[in-house]
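Note that chain A is present in both complexes that follow, paired respectively with chain B and with chain C.
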Partner chain A sequence: MIGWLAAHPWQGVIVAPFLGAAVAMAIPHARLSWAAALLALIGAAFIAADASLRSVAPHPADGASMFSAPLLAVLAALCAFAGGGALREMRASVAPFAMALALCIAGGWTFALLSADWIGLALGVETAWLASAALVALAEVKRGALNGALRMLASGGVAAALMLVGIGFVARATSSTEIAALLNADNAALCIAGLVVVLIALALKAGLAPLHVWAGAAFGSTGALASMFLGVVGLTGALALMVRVGAAAAAAPQLATGVEAMLAALGAASILIGSVQAMGAANVRRLAAYAFASQAGCVLLSVSLGSPAGFAAALVQMFALAAAMLALLGATAATRDASLQALDGLGRRHPVAGVAVTVGALSLMGAPLTIGFLGRWRLIEAAVGAGWWWVAGIALLASLAAVFYGGRLIERVYFRRAASVATLDKDPWRVLIAPTLAAAIFAIGLGVEPSVLLEASARAAAHMFGGAP
Partner chain B sequence: MTSAALLSGLALAVALVVGGAVAALTAANAMKKIAALMLAFVGAALSLALLGAPGGAILAVVAIAFAHTAIGVSIAVRLQEAYGGVETGELDAADEEDEPREPET
Partner chain C sequence: MSVGLALLALLATPLAHAFAVLAFSRPPGLRDFVNIGFALAAAVLAIFVLNGVAAGESARIVLARPLPNVDLGFSLEPLGALSAVVVTGLGFIHAVHAVGVVRAAQEKAPARLMAFMALAMAAALAVAFSANLFSLFIAYQALILAAFPLVAHRGDEEARAAGRTFLATLLASSIVLLLPAMIGVYALAGALDFQAGGVLAGRVGVVGANVLLVLFVFGLAMAAMPPMHRWLTATTRAPYPTLVTVQALAVLPTGGLALLKVLAYVFGAALTTARASAIALLALACIGMCVAAAIALSRQDVRERLAYSCMAQGLAVVMGGLLALPAGLFAAALQIVATSCAATTLLMASGTVNAITGRTSVADFAGLGRVMPWTFAGFALASASMIGMPPFAGAWSRLWLITASASSDLVWAGALVGVAAVLTFAHLGPLAASAFAERAPADAFKRPDGASILLVAPVILSAAATLWVLVVADPLASFLSPVWTPP
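After this line comes the complex of A and B, so read on.
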């Protein structure tokens, strides 16, 4: 068993969550089921981190998976740990099914990220997406979550049909269903058309504006467990997949121009629309989803530069964004209320959650000494290096918008008194806020000493583009 | 297959996907949305078959369509229980009422 895992670590990373899901569902006790799910995800995270450190690439020339899969596995384990406190929101009989669905989300996105061919990618994406929709419906705290789940199902189904058609075009153009065959595309125009359709479908699932029709309803009404797995693991997984496909296309000279133009347009639109929506949001989870759309636009802009430096910048920003999302969504789990006024006076009532919200907001702004600053700096550096000054301008605009919506969160946490309706966050399971605090510590720690992250992103870029970044 | 036949077949498949997608996003009833999704998946399967994709890809479409239907019907049943209907206009109106207004500060 150990020998097989050492030889095929990435298969182990895929199998562990699904195996854990089966076990979690079979255990009728909520806490035991949670413990089994947590063990499976910790195991997957350990195997993924080990494989990545040993530079065992899942496929030749696929640095994106080598970076993103361990990140996703660690995020899933942290979300599962924090999710233990969210089990009280649902009936005990429902909790094992919710944990199983959460594991399917992690397993599905990991499978899609590590898949060598398009069919596996589509199956992984749909497994994760349908599990997400079911979890949103199952973990409802308001009936609006069911409406959100219906929107997820309808828009996600449309995206699935489009993605399959796009995959058909790409497979025809490359005479193969292998993703690596993009480098040998015979019919560049057909291949670009297919890739554009696939990327649009993935953008919908990554909650990128203006395709995020499902996000407001789903995030606004569902419970803490669903919002963490959907917002941290799901959105990051979909974004990582976009980075992977975008970078694979950018590495193929005949496809690069068309795909990069599409990514740049989508990224710029997502920054502008997502920023405006985040500034107007009255619910922390919705605000986090719209902020994700805005910040993910910066990630796409980085990929659209088509250079190893741009790709490395995209990975750093993706890491920063995932940490900020975990900090924000984990803190809302501690308050049991996702409305903005629930943050009032949080710094006094729950200092750890208050610090997490503050660090998450500062990282989204790109404030110095946070990992968000490093990501934004690397993007601007790569954009100026490529002569794309407008990209640098839009990235600064995203930071400016984040000062407004992030500043609003910090003002609520430290400069307002708690409303009487929002003082119910006493909880014996407070230790479960630890992953949220860990995300905040990562956001600051790696902002101050980023060499490990920079080295990992540079190594992934070298793998992807076959040279030094 | 001649290129003209291939093109007309592809046009039909893409029309099915686009028609199904538009209907799924705009239909005013949850069950109609699910039915429209099936139409889109039929178009996707047809286009994959015409483009010469392997049998595994067609099987994947069938599996994905089945999973969407199963989860979609489950959600529709829960919607009927929670809201007393599956008309999207009524669901949105009920959600508007449920959403607490932020107090003036």
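After this line comes the complex of A and C, so read on.
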């Protein structure tokens, strides 16, 4: 068994969450089910980290997967850990199903990310998406979650249709369903059209503006467990897939220009629309979703540069964004209430959650000594190097907007008093949030000594372009 | 103790100060003792470091390397050492005064106020000793974040609005203007380290130099260059210890210092390449200086009047730096020292008056000099320095500013310095004079025991410091000469 895992680590990373889901669903007790799910995800994270450290690439020239799959596995394990504190929000009989769905989300995105062909990619995406919609409905904390789930199903259905059409175009143009066959595309125009359609479908699922019609309803009314898995694992997984597809297209010179133009336009639109929506949001989870749209736009702009420096910047920013989302959504899991008013005086009532919100907000702003700053710097440096000054300008606009919505969060945490006297939360499982937030803070703290992250992103970027790591 | 260790201790002391004040917030006596003790320790360490720099010693501390070829580091250099002595020396005096004010005015959350004042001082020192543009940027951002709670300290809607203006103006300008300027320097020079003579010298074209200069001058909004000065005038309703920290000690002077470091160590000789924008910015600074002094004349609230007066003085620093001459840089450095001493005195004196009499209106100051002679003696001396009357500190910086303007064939700039001095006389002179000349009010004090020694002695001490520059002007010129002399 161990020998097989050592030889085929990435298969283990895919299988572990699905096996864990089956076990978690079979256990009728909520806490035991959670423990089984957590063990499965920790196992997957360990195998993925080991494979990545040993530089075992899932496929030739696939640096994006090598970087993103371990990140996704670790994020899923951390979300599951914090999910233990959020189980109190749902009925005990529902909890095993919720944990199983959460594991399916992690497994689905990982499968899509590690798949060598388009069919596997589509299958993984749809598995994760359907599980996400079901979890949103199941983890309802106020009326409207079902509406959010239905919106996800409807928009996801459109995205699935688009993805199949796009894959059909690409398969026709390359005479193959292998992703690596993009390099040999006979009909470049058809292939670009197919890739653009696939990327639009993925953008919808990554919550990129203006395609994120489902995000407000889903995040605004669901519970902490669903929002963490959807916001941290789901959105990051979809974004990582976009980076992977973008990298595959960038490696094929005849496809690069068209796909990069589309990514640049989508990235710029997402930054502008997402920033405006985040500034007006009155719910922390919605704000986080819109902020993700804005910041993910910066990731797409980095990818659109089409250079190894751009891809390295994209990976660093994706890492930073995932850490910030984990901190923000983890903190709302601790507060039980996702409204902005619930943050008033949080620094006094729940210092750990207050610190998490602050650090997450600072990273979104791109404040110095956070990974967010490093990612933004890398993007601007790469953009200036390529002569794309407008990209640098838009990235700065994203930071400026983040100052407003992030500053609003920090002001509420430390400079406002709670409207009503908060009751002391005596649930001992609440402390499970602390290691998750500590992990997010540690990840953001990599901004002080980022050499490991920079090296990993540079190695992955070199892999994408077929160079030596 | 080595000078490197002293530098590390100096940077760490205000941080320890902040945590200690919060840890020992009760009883009040212990809190106040800790507050004054740490401020004194920082001042002593700063003098030790200054002596080390004067003796030719050097030191560099590297905390991290977040980017290739870019350290988060601090190093010794004359401008930073001088600024550190001024900030910590006046900071010690202000720590004593702040203790008196929070006791007399019964300011809420005094430990928090003192802690964030210490954090602001820490960030100001970090700016002063920053070894490169990246470290300066980080310390500058830290200063914004540390000063924001001071501005919003009272927590009411007015304070929150002021805090938002403060944060939005300074953070937005630093992200939208200063950060691209820093990246531009990195793209051109491949490094961000400060070096005498300018890291950009010989590496930047005319367009690049002009664009970068504009980005730096407006990006460093703490220097209060119009129209980026809104943060300064928005803070006038904050508690007096905040006003001293923001306008006289940590924020406004640090803006000027950061700009001087950029002009001397990043541009250096390249400033002549950016002559077109330098002249335009110089004109804006000169006009802004006169307009700010004129607006101050129209304000009837002492806090607003002093805010505009400090802004006018701060713009004189910008002006000196932009003159692109050693004489201009020296004048700007002197101006930072003079403004810090005088503005600290004026604001502390006003704080004493407010704490004891509850008065903030200009008209209500009439006759108070007769019942608070020591406080208003300090007020008058500081006013004379702000106006530029010999032999006070402000006179020498003005003299050098006018000399540098004439040497640059910019006589109009020198003339505008004179106009600003006249306007400063108009808004501060009558205020100080009427305090002594008018009849004393019958109901002067709201506190029956008058002002305590904690409120009066600091005013006298900092007023005396305005005479200090008279004694040390010549040694200062040779001490600062490495700033404009390439190695």
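Quick note on the criterion: the second predicted complex is superposed on the first by the 455 of 469 C-alpha atoms of A that agree within 3 Å, B and C clash if a C-alpha of one lies under 4 Å from a C-alpha of the other, contacts with A are read in each partner's own complex, and residues count from 1 in each chain.
FYI, contacts are C-beta pairs under 8 Å (C-beta built on N, C-alpha and C of every residue); 3 or more make two chains touch, one makes a residue touch a chain.
Predicted model only: the values in this text are computed from it and were never measured.
Asker: After superposition on the shared chain, which partner residues are touched by A:24: those of chain B (first), chain C (second), both, or neither?
Answerer: After superposition on chain A, A:24 lies in contact with neither partner.
Asker: Scan A:98 for contacts with chain B and chain C and give back first, second, both or neither.
Answerer: After superposition on chain A, A:98 lies in contact with neither partner.
Asker: In the overlaid three-chain picture, which partner chain does A:240 touch, first (chain B) or second (chain C), both, or neither?
Answerer: Neither partner.
Asker: On chain A, which partner's contacts cover more residues, chain B's or chain C's?
Answerer: B
Asker: Once the structures are superposed on A, label A:150 by its partner contacts, choosing first (chain B), second (chain C), both or neither.
Answerer: First partner only.
Asker: Using the superposition on chain A described above, determine whether A:228 touches chain B (first), chain C (second), both, or neither.
Answerer: A:228 sits against neither chain B nor chain C.
Asker: Given the touch rule stated above, what does A:169 touch, chain B (first), chain C (second), both, or neither?
Answerer: Only chain B is touched by A:169; chain C is not.
Asker: So in the superposed three-chain picture, is A:392 touching just chain B, just chain C, both, or none of them (first/second/both/neither)?
Answerer: second
Asker: Which partner does A:16 contact after superposing on A: first (chain B), second (chain C), both, neither?
Answerer: Neither partner.
Asker: Need the overlap of the two footprints on chain A, from chain B and from chain C, as residue ranges.
Answerer: Touching chain B in the first complex and chain C in the second, residues 416 of chain A appear in both lists.
Asker: Taking the touch rule as given, give the residues of chain C at its contact with chain A in the complex, in rising order.
Answerer: 63-67, 72, 137-138, 141, 149, 152, 155, 160, 163-164, 167-168, 171-172, 175-176, 179-180, 183-184, 186-187
Asker: Quick check on the complex: what are the chain A residues that touch chain C?
Answerer: Residue positions touching the partner: 365-369, 373-374, 377, 380-381, 384-385, 392, 396, 399-400, 403-404, 407, 411, 414-417, 447-451.
Asker: Across the complex, what residues on chain B touch chain A?
Answerer: Where chain B meets chain A, its residues are 13-14, 17, 20-21, 24-25, 30, 33-34, 37, 40-41, 43-45, 47-48, 50-54, 56-57, 60-61, 63-64, 67-68, 71-72, 74-76, 78-79, 82-83, 88, 91-92, 94-95, 98-100, 102-103, 105.
Asker: Considering only the defined contacts, which chain A positions touch chain B in the complex?
Answerer: 119, 122-123, 126, 130, 133-134, 137, 142-144, 146-147, 149-150, 153-155, 157-158, 160-162, 164-165, 167-169, 171-172, 177, 213, 217, 220-221, 282, 339-341, 416, 419
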